[in-house]
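Consider the two complexes below, in which chain A is the common component and chain B and chain C are the respective partners.
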Partner chain A sequence: MSLKMVFSDARQWRYLVDTFSTLIDEACFIVSPEGVKLRALDPSRIAMIDFFLPPEAFEEFECTEETRLGVNFDDFKKIMRRGKSKDRLELELGESDRRIKIRFLGRAIRTFSLGLLDLGGEELPLPKVPFTVRAKVLSDTMKEALKDAEIVSDYVRLEGSEDKLSVKASSDRGNVEVDFTPESGSLIELEVKEPSSASYSLDYLSDMMKASAISDILTIEFATNKPLALTFDLPGGGRLTFFLAPRIES
Partner chain B sequence: MGVDLGDLVPKKVIELGELRGKVIAIDAYNALYQFLANIRQPDGTPLMDSRGNITSHLSGLLYRTINLLETGIKPVYVFDGKPPEVKELEILRRIKLKEEAAKKYEEALARGDYEAARKYAVRTSKLSTEMVNDAKKLLDLMGIPWVQAPSEGEAQAAYMVKRGDAWAAASQDYDSLLFGAIRLIRNLTITGRRKLPRKNVYVEVKPELIELEEVLRRLGITHEQLVEVAILIGTDYNPEGIKGVGPKTALKLIKTYGSLEKALKVVKEAKFPVDPMRIKELFLKPSVTDRYQLTWEKPDAKGLMEFLCREHDFSSERVRRAIERASKSLREITTQSSLEAWFG
Partner chain C sequence: MSDPALCARCKGARRLCGRPKCPILERIEANIKLLERIGKLGAQLYGLTPPSTLVGEYGYPKVNVILNIPPTAEIPADEYEVPEKWWGRKKLEDIIRLRSMLIGSKFRVGIKERDNKLLEAAREAAISIKPVDAEAIFKRPPRFRLSFDGIIAPLGPSGDVKRVYIVGNPVVPRRVDQLMEDEDVRASDAIVELYRSGISVYQIERLLSLGLLGRKRDRRLVPTRWSITATDSVLADRLLKKVREYEEINEIRIYSSEYIGNHYEIIMVPGAWSFEMIEIWLPRTIWVKAEKPYISVNYELHDGKWRKEGVDGGYHAMRMPVLAYLYKERRQARVIAIREVSPSYYAPVGVWQVRESVRAALARGYEKKESLREALYDISKRIKTPMNLVLANSYLLRRMLTQEDLLKYMRH
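For the complex of A and B:
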């Protein structure tokens, strides 16, 4: 069992690991000849990460059999934050190694090694949600809309109707409404099976939106009083999806 | 006091956040005694209002419960009812210990040794009926459910966990495992920075999760056998245990001979205040009730101000802030769902 992965832009992994570390403390990357996967629930079970990167996304990808890389994200993040722009990233695990080598290939060759955790557990299922709204938006614009909402509230209401997607927030401090329409240029696609609306915690959403640094386009899926899925398309055919449980007013 | 299973039990340190959204059945007496022991002035005097009523337990209950609500935990407090008759010996023993401690406390105070005074004061902690009623009244005003156990609170909490109404029982004692709780959480109400007794050293106390199935698997015994091990070590119903038999020996005896009955044929010097089979029965078939309702309501701000500030001299500014925190986290608890409902 040995593996080696070289990624052309170390910063992209830095953003990924930064985003993951806001939601989870430790989790397992599963590396196989098909690519790299990670699926994890945050400790409170409100949010979930489902991540996949195919071999094509890497400059070099060598893996002969399925290997589990359990990491502590706090430690992993500290190392990944040392990645500079223009650094290439190499991850390497030798035969019977208990530590993974993380190498930044730039003006110098900087090698870190990180102890792996033995994290057991079977693969998590994905939440089954019959989504009724599906919208493709510019991730930056969505990030800004959520920042707007944060001015008045700790949560937002998403509303999908025939011709627009709205982000709304209200409290005794005031109201905010941000509309995404095809005319405004930020709504790339909108599919609405039935008009739907649901509320979600801004704390979690803003953590997830950190991934907008690596992907310009974001797909939002939700249904009334059901979980939300945020999917970022990653380079080389990869994808990062977050699920978030709704707030349900009684 | 409870059984000293100590090192036999595998514990997992967890973060409070992992308990978000979960109902936890808290051993009320255990928590109140901890507040009473820990919330004291340097010389050991508990907090009191201007009429001389002790308020340490109310202060602890108010602020600690709000901390739990803020991490998304749904607490329910379970109060002891009438103890089984066989507990008489243990109760007498505790009263005697407290009387001795009270005497030593006075002596330490008289000679100006405040450190010793505090140590003994903590051991004199006594919950009067009035203090318990105040605690229940506070919970009612806070909108937090509490359950009156017919007998042992830990048995009732275990029953609620077994039925799935609560995710875990919380207590410092291990007895709820004997009563069949599938999960037990320790340190829940003392999590945070704690000063070590009689030392100027602080440690970070984190909650520990103990899972019954894991305990039994690790020890290689059944639940019934775990109760038998406990009886050999000594429980609240036979506090003396058996001379020379600690956790390790007790486990070995039960594993070697298979049952308490057979083990006792070998350990001839064993003496019990009551028939050990009756003790076993008390753990395996305790008296419990299913007459309880778990709902978390909006706190009664006016009632809390009246009760805590007017009657017990709490600072109205602090109580007002506490009510705000409680209302906000309660709203959060009742509205934020978990993804679990969609894994089907």
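For the complex of A and C:
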């Protein structure tokens, strides 16, 4: 087994790896002729990452058989942070290699190698949630709304009704409400099967929102007191979905 | 001091009010009568040092180094500085009395200074695990005084020394000797090595503070207060790397202990490592004049990085024994450690009290609980602070009570 992938913008991978590393310590990329996937739960099992990038997203993609690349994200992140804005990124694994070569192709060719971890485990099932609200919003605006909410609380309440999506936070320090409406321009699509609301931890949400650097548009799905799914569309038909379990106030 | 929380945050250690010396500590010092004056002190002192040393931080990078010597042989020398043996046996008065009977021979030295005879003498004594005969000749006889600090043990009288002689032979464990000789080993690795070979954290702190560990170019004197926290955090971080890989405990546990006016409750809940310290100073305790308790909270999640500003030695002194315990048990858990301080803790004796109390609570074994709510109910009967107030201040407890996980949505 050997593989080689070239990606046109090293920075995008840097943002991805940065985002992953805030949620998980180590995980396995599974590379196959169909593309690259990664699915992992955070150690507290409150959040899940489900990531997929098809061969079309790459400049070059060579992979003949399924290969597992187990990485420690702390180490991976340190290397990826060395990527510069005009660098292309090449990932290469030779026959019987125990280390993956990470190459930044820019003004110089910089090659790093990263030891791979033997991470076993069967594929995780995705959480099954009957979502009742689905909204497409500008990811920047959502990121700002969550920052607004952080001023007063460590969790937010999402509310979906027929004509708007609201982000609310309250505590004895005060209240914050941010509304996304079709008129405001930040709400691109809204589908509501029934009015719904649920609370989620801001710690996790703001970690996940780091991915907004790679994708302008974000799809939010949730249901009353059920997990949330945040999906970022990636170039070339890829996607990155985060699941987050709710907080239930008793 | 208009901000009532200021003193509790500062604990006399950070000069947050801007005064050169903490007025609260000064008052305590004035109020405690030295129970026994040790007779008139001369300019010459001969005795067995436990050993006991201290590196100050005032004036850094020029600091005071103190070698403590008791002037009397009535009390065995090894009782003056053994926190692990004080716990549960010595009362607050006993500790203050013991410490007030240690006479400090003090000198000032640059943190990287070499070839200083006084420093060499202090080092020679400090490396011993048994008391060593020492002699100090003071510039003028030391004056009686006693001083307190939130982090380090109380300090007795001290005076500037002219000369110090180590008369006896220090007893040095082989591992200590090797690591002092080895000038290529990082201090953090040396700390871990020593701990593994069974050297007490108090001995490690002493070696680190006297600049005896680490790579040659990094070696320097480290104020005792910093070296205590550094030792705790280096050890805990190292243990955590392992603990994070262990299986989770499978029941809810409570551990508790009480010592010299400090009450501890430690809750362990199945889950990935996370830790929260909840420190409560009841009304009319050392740092709290107000009628309301002062609650200070800090926490970390699975990554092991504390989340709030102003983490102090107390946090590390709680976290270290918890991780040491989990490491020994080969388990991980979510841990809430509550410390409630009552007015009977009228003078601070140092963070060793926190470390040893947590250790003692864990050593005593746990009570198993059916639910977190049941555990909290139980604890609410043993602490004076209303549980609602604790919950309102806690981040992890609230999260445990309200945050769901994804597992139940993944079982199809």
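Observations, loosely collected:
What we mean here is this: the second predicted complex is superposed on the first by the 250 of 250 C-alpha atoms of A that agree within 3 Å, B and C clash if a C-alpha of one lies under 4 Å from a C-alpha of the other, contacts with A are read in each partner's own complex, and residues count from 1 in each chain.
We take it that a contact is a pair of C-beta atoms (placed from the backbone, for glycine too) under 8 Å apart; a residue touches a chain by one contact, two chains touch by 3 or more.
Keep in mind that what you see is a predicted model, and the values were worked out from it rather than measured.
Aligning the two structures on chain A places chain B and chain C in clashing positions. Looking at the shared chain after the overlay, A:201 reaches both chain B and chain C. Of the two partner chains placed by the overlay, chain B and chain C both lie in contact with A:127.
When both complexes are overlaid on chain A, the residue A:245 reaches chain B and chain C alike. Within the superposed three-chain model, A:47 lies in touch with chain B and with chain C [touch as defined at top]. In the superposition on chain A, A:160 makes contact with neither chain B nor chain C. In the three-chain superposition, chain B clashes with chain C only at 385-393, the remaining stretches of 25-33, 97-105, 133-141 or 385-393 being clear. Under the contact criterion defined above, the residues of chain A that touch both chain B in one complex and chain C in the other are 25, 41, 43-48, 124-125, 127-129, 199, 201, 226-227, 243, 245-250.
Across the complex, chain A meets chain B through its residues 25, 41, 43-48, 124-125, 127-129, 199, 201, 226-227, 243-250. Every residue of chain A that touches chain C in the complex is listed here, in rising order: 25, 41-48, 124-129, 154, 199, 201, 203, 226-227, 243, 245-250. The touching residues of chain B, when paired with chain A in their complex, are 15, 17-18, 20-21, 72, 334-344. Across the complex, chain A is touched by residues 244, 271-274, 301-303, 395, 399, 401-407, 409-410, 412 of chain C.
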